[in-house]
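Notes for the one structure printed next.
Naming follows writing order (A, B, C and D), and every chain is counted from residue 1.
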Amino acid sequence: MVDLEVKIGGITLKNPVTTASGCFGYGLEYTDFLDISRLGAIFTKATTGEPREGNPSPRMAETPMGMINSVGLQNKGVDHFIEHIYPHLSAYDTHFIVNVSGSTVEEYVEVASKIDVLEKIPGIELNISCPNVKEGGMVFGTDPVSARKVIRAVREAYHKTLIVKLSPNVTSIKDFALIAQEEGADSVSLINTLLAMAIDAERRKPLIARITGGLSGPAVKPIALRMVWEVAQAVEIPVIGLGGISSATDVIEFMLAGATAVQVGTANFIDPAISLKILEGIIDYMERHGFSSVKELTGALEI
Amino acid sequence: MNQIIGKKRIEDLEVTGNKWLNEDYFVLTLRSEEILPDIRAGQFTQVKVEGSPETFLRRPISFYDVHPSSREIRLLIRKAGAGTKRLSALNKGEKVNMIYPLGRPFSLLEGNRFLLVGGGVGLAPLYLLGKELHRAGKEIVFLFGFRSAGQLFDLSQFKDLGELYLTTEDGSKGEKGLVTGHPVMEQGWDAIYTCGPEPMMKVIAAVAAEKGVPCEASLETLMGCGFGACLCCAVETVHGMQRACVEGPVFNTKELLW
Amino acid sequence: MVDLEVKIGGITLKNPVTTASGCFGYGLEYTDFLDISRLGAIFTKATTGEPREGNPSPRMAETPMGMINSVGLQNKGVDHFIEHIYPHLSAYDTHFIVNVSGSTVEEYVEVASKIDVLEKIPGIELNISCPNVKEGGMVFGTDPVSARKVIRAVREAYHKTLIVKLSPNVTSIKDFALIAQEEGADSVSLINTLLAMAIDAERRKPLIARITGGLSGPAVKPIALRMVWEVAQAVEIPVIGLGGISSATDVIEFMLAGATAVQVGTANFIDPAISLKILEGIIDYMERHGFSSVKELTGALEI
Amino acid sequence: MNQIIGKKRIEDLEVTGNKWLNEDYFVLTLRSEEILPDIRAGQFTQVKVEGSPETFLRRPISFYDVHPSSREIRLLIRKAGAGTKRLSALNKGEKVNMIYPLGRPFSLLEGNRFLLVGGGVGLAPLYLLGKELHRAGKEIVFLFGFRSAGQLFDLSQFKDLGELYLTTEDGSKGEKGLVTGHPVMEQGWDAIYTCGPEPMMKVIAAVAAEKGVPCEASLETLMGCGFGACLCCAVETVHGMQRACVEGPVFNTKELLW
């Protein structure tokens, strides 16, 4: 038996395969397809202070080996999460990590504080990288000063594992990773979506109501992999890699580049059972290559 | 990769037939190795299109017909782009990966006399609905609109279930004009069900609202996942943004803000 | 007959379809496949002051609907260009625009000055965005101060049409476009490649000798389109759009987003005759939609 | 999309045969509608793989055999990944888009006795080379290495051209070991031609260099375009970086810095 355990801050994941925010609901949408308790963790859809309707439709477009979404931060707010969703989560033997979003530093802090007291939630993912909102979101993730401010404020208010989710829409993503580390984050996750656009040439209109949205899927994998590599070279805290992962091979690549764990996003839409197939594939790889612990893969790229 | 856990399935079905009805429409017949789940009219399947570099996401297709005894389902598909084109080229014996059954079906509304209005490939779910209503002993009338006679195909299976009226935009078959102008619309109906181009459905919904007749419409929204996880299929309703793949694709038109 | 002419600075292109630097050699590699004189222009491979060997092999990797290259600036230097290549170009009835690169401001200026006196070269494309060299290249294109310095220096030395090629590896590409405009550039072209990485999971080694390289092809199109849209909103000078273009529909999309002309890059490798097929497709689109001049397409997106 | 201008062509060829030789190797036969251009041993074609989302770039494949009279070419292909797998599934009558002929062929070196050393699928260009040399009246000997007998296939067509020696790594057929240890290597040759795994070719080149025998090797470098435009296939040589697709894939081994 291979050892699949990895640690992110104070959280021990039974394996490095987790699912990405906004791509796996609260996990409950997937219970028909797989045993979600076998996942290392589930990152929930973004949670904000107040309920949000998200963006108008159409909210998506298909692109070559990818998709653009502009869902925005549609969710019923942190109080609804606590009252109506949280109670269902303890039925599952995996970690739920709440993706925390907001328009202002105060909102981030408010949500984080409310989640802090939830016994079964061992950590949050601070989403400073959503490209689909006018205020907050990516604005925090692309300006070093704002990034530092919001991370610092949340770090003070939140006492469990804090993961900061980074935006790829920057000149130097490692600068933001270093800021997160300096401000006491336990981990960084990357990448969120790349700002993108799609047009219907025949109708001469944007395909997405908000004109631009976030690109995800295999198309972005080579960019995500490079960013994980860059960040892993720069920081000491564990890196969670994501962006286009759709096979065990992809996961191995991210881990070799320096990731301690990974998130599977868009690929779940095409095959809702893919995350566990990926897990099987990792075990197979480890056995073929004689790795006894998955931790040995992290940063094991030979150069 | 057959996984049959709970209600929604991911399953490889086998192509047992694939037939062109006219230049644009074809019927794909698929057989499951397992007993079919309960599939209701208005529900759909997310079809994976293999061998097409342009087709990254699955394609949502309504159920056109279901045969539990032979474990076969039929899909009525219009060749729209790369994905449906690839589906049209499938041969008998090939496998197609599907997630199904998905979405909220049409409801059995109160009453006895129902009008089913379809445009183009929107006929698909109305056939299965017709069968369900017929089985429930209801009187049903179909009103179908096509661009021209060239788009038509053999509709006799619909006629086995109820009366059928036709319109074509160019008058090459049936009444000339749009379904929305057909006199049968003016009769007293207990409910109207519709599926087709959105502008058509909006007019039908307006007529129904005006007459106080309940109306359900099946929307064709773009979908990321099809099973409630991505929130990409959001539709504006009186209850806020709802997912066309879970709270729909069938909506009571008085709930829609369109 | 539709009017296909467009203007970039002082250059009148017979149509908006041109080929991207590094993807079309000096055009001569393509004469077996198509009549290159029918192209709006040809952007040559990067030219530097001294001959360069480029990067070690392997230099490329295939990715989902894209490729990564790390060719580097392999070329025989500006003097070789002037003596051995330039004389052959006048046989073709199209514009050759020289892609100018360097490691220092002085080198850029040297190359630009030497090209300035070549009668048949109506313009240069200043490549401040090559991700595949240690010095110069993208360093100039991702730092506003360096970008301004090199553009200013070249603008002083070069008297014909100056196009600045922008890097997508930045937080705000429109800032760099505005700098180019302020410093007197006649046009900006975008995007160059996105910094990316590919790994061979089985051998646990990078697939590219230099570890990272530049991503191009359809995968990047949605990002390129968004950037062209952003830049076109911000500047007055004409924008040349590129990144993943492989069909006439793609070109229409870039023009609707604000491009005056386009470059076809990676797609030439898969179908060396594609640029002229694209041109036919544009004419077809214009006829179907009743456009008499291709200029009407620029920025015609309805929002 | 046939365009036949000048020397290199972009052309749709028709599959007239596709046959497995063993578990991994197959021979794809393609027919041109036009008179074939002059194709020389060592040259290759860039094949477009349709219907495979994983295969963005073309795939370089050497010419294995050319029949000008029937306008047919044959490719010997090893199933390596997604692209070659898709090619192995092509049916008679399907079209394959190719750019050809590409690259620098083997040269007719001085002398009369030539050794042709191949490993695995590296046999492909050596058959066409054997035919060329045989036609020129040269004496040729083939020395082929395989991993095991399972990789072998009917080599009688090679035997028609000259003597043939075999090695397998596990000794299941021919001499046990690598080609590089085979005694025939030690005979006096006027020139050696080789195609196969790079480590094998390096040893062959070293032996040739030591004996002062001219040696040409065909390299399998990754290619972006295949016709000289992208500089992705660069090979380090004594003349600097050279393109495997134009200055190669066949190089005189004394020019290679590998």
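One rule holds in what follows: a residue touches a chain if its C-beta (ideal position, glycine included) is under 8 Å from a C-beta of that chain, and two chains touch if they have at least 3 such contacts.
Not measured: the values here are computed from a predicted model.
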item	value
Minimal step count in the chain contact network, subunit B to subunit D	1
Chain separated most widely from subunit A, comparing mean CA positions	D
For subunit C paired with subunit D, centre-to-centre distance based on mean C-alpha positions, whole Å	36
Whole-Å separation of chain centres (CA-atom averages), subunit A against subunit D	47
Residue numbers of subunit D (touch at least two other chains)	53, 56
Sites on subunit C at which at least two other chains make contact	61, 63-66, 217-218
Contact graph of the chains (line, ring, star, complete, other)	ring
Touching pairs among all chains present in the structure	A-B, A-C, B-D, C-D
Subunit C - residues contacting subunit A, complex	61, 63-66, 68, 142, 169-171, 194-199, 201, 203-206, 211-212, 215, 217-223, 225-226, 229, 244, 249, 252-253, 256-257, 285, 300-303
Subunit B - residues contacting subunit D, complex	51-53, 56
Contact footprint of subunit B on subunit A as seen in their complex	22-25, 29-34, 45, 53-54, 56-67, 69, 71, 74, 217-218, 268-273
Touch list for subunit D against partner subunit C, complex	1, 3, 5-10, 48, 53-58, 99, 221-222, 224-236, 240-241
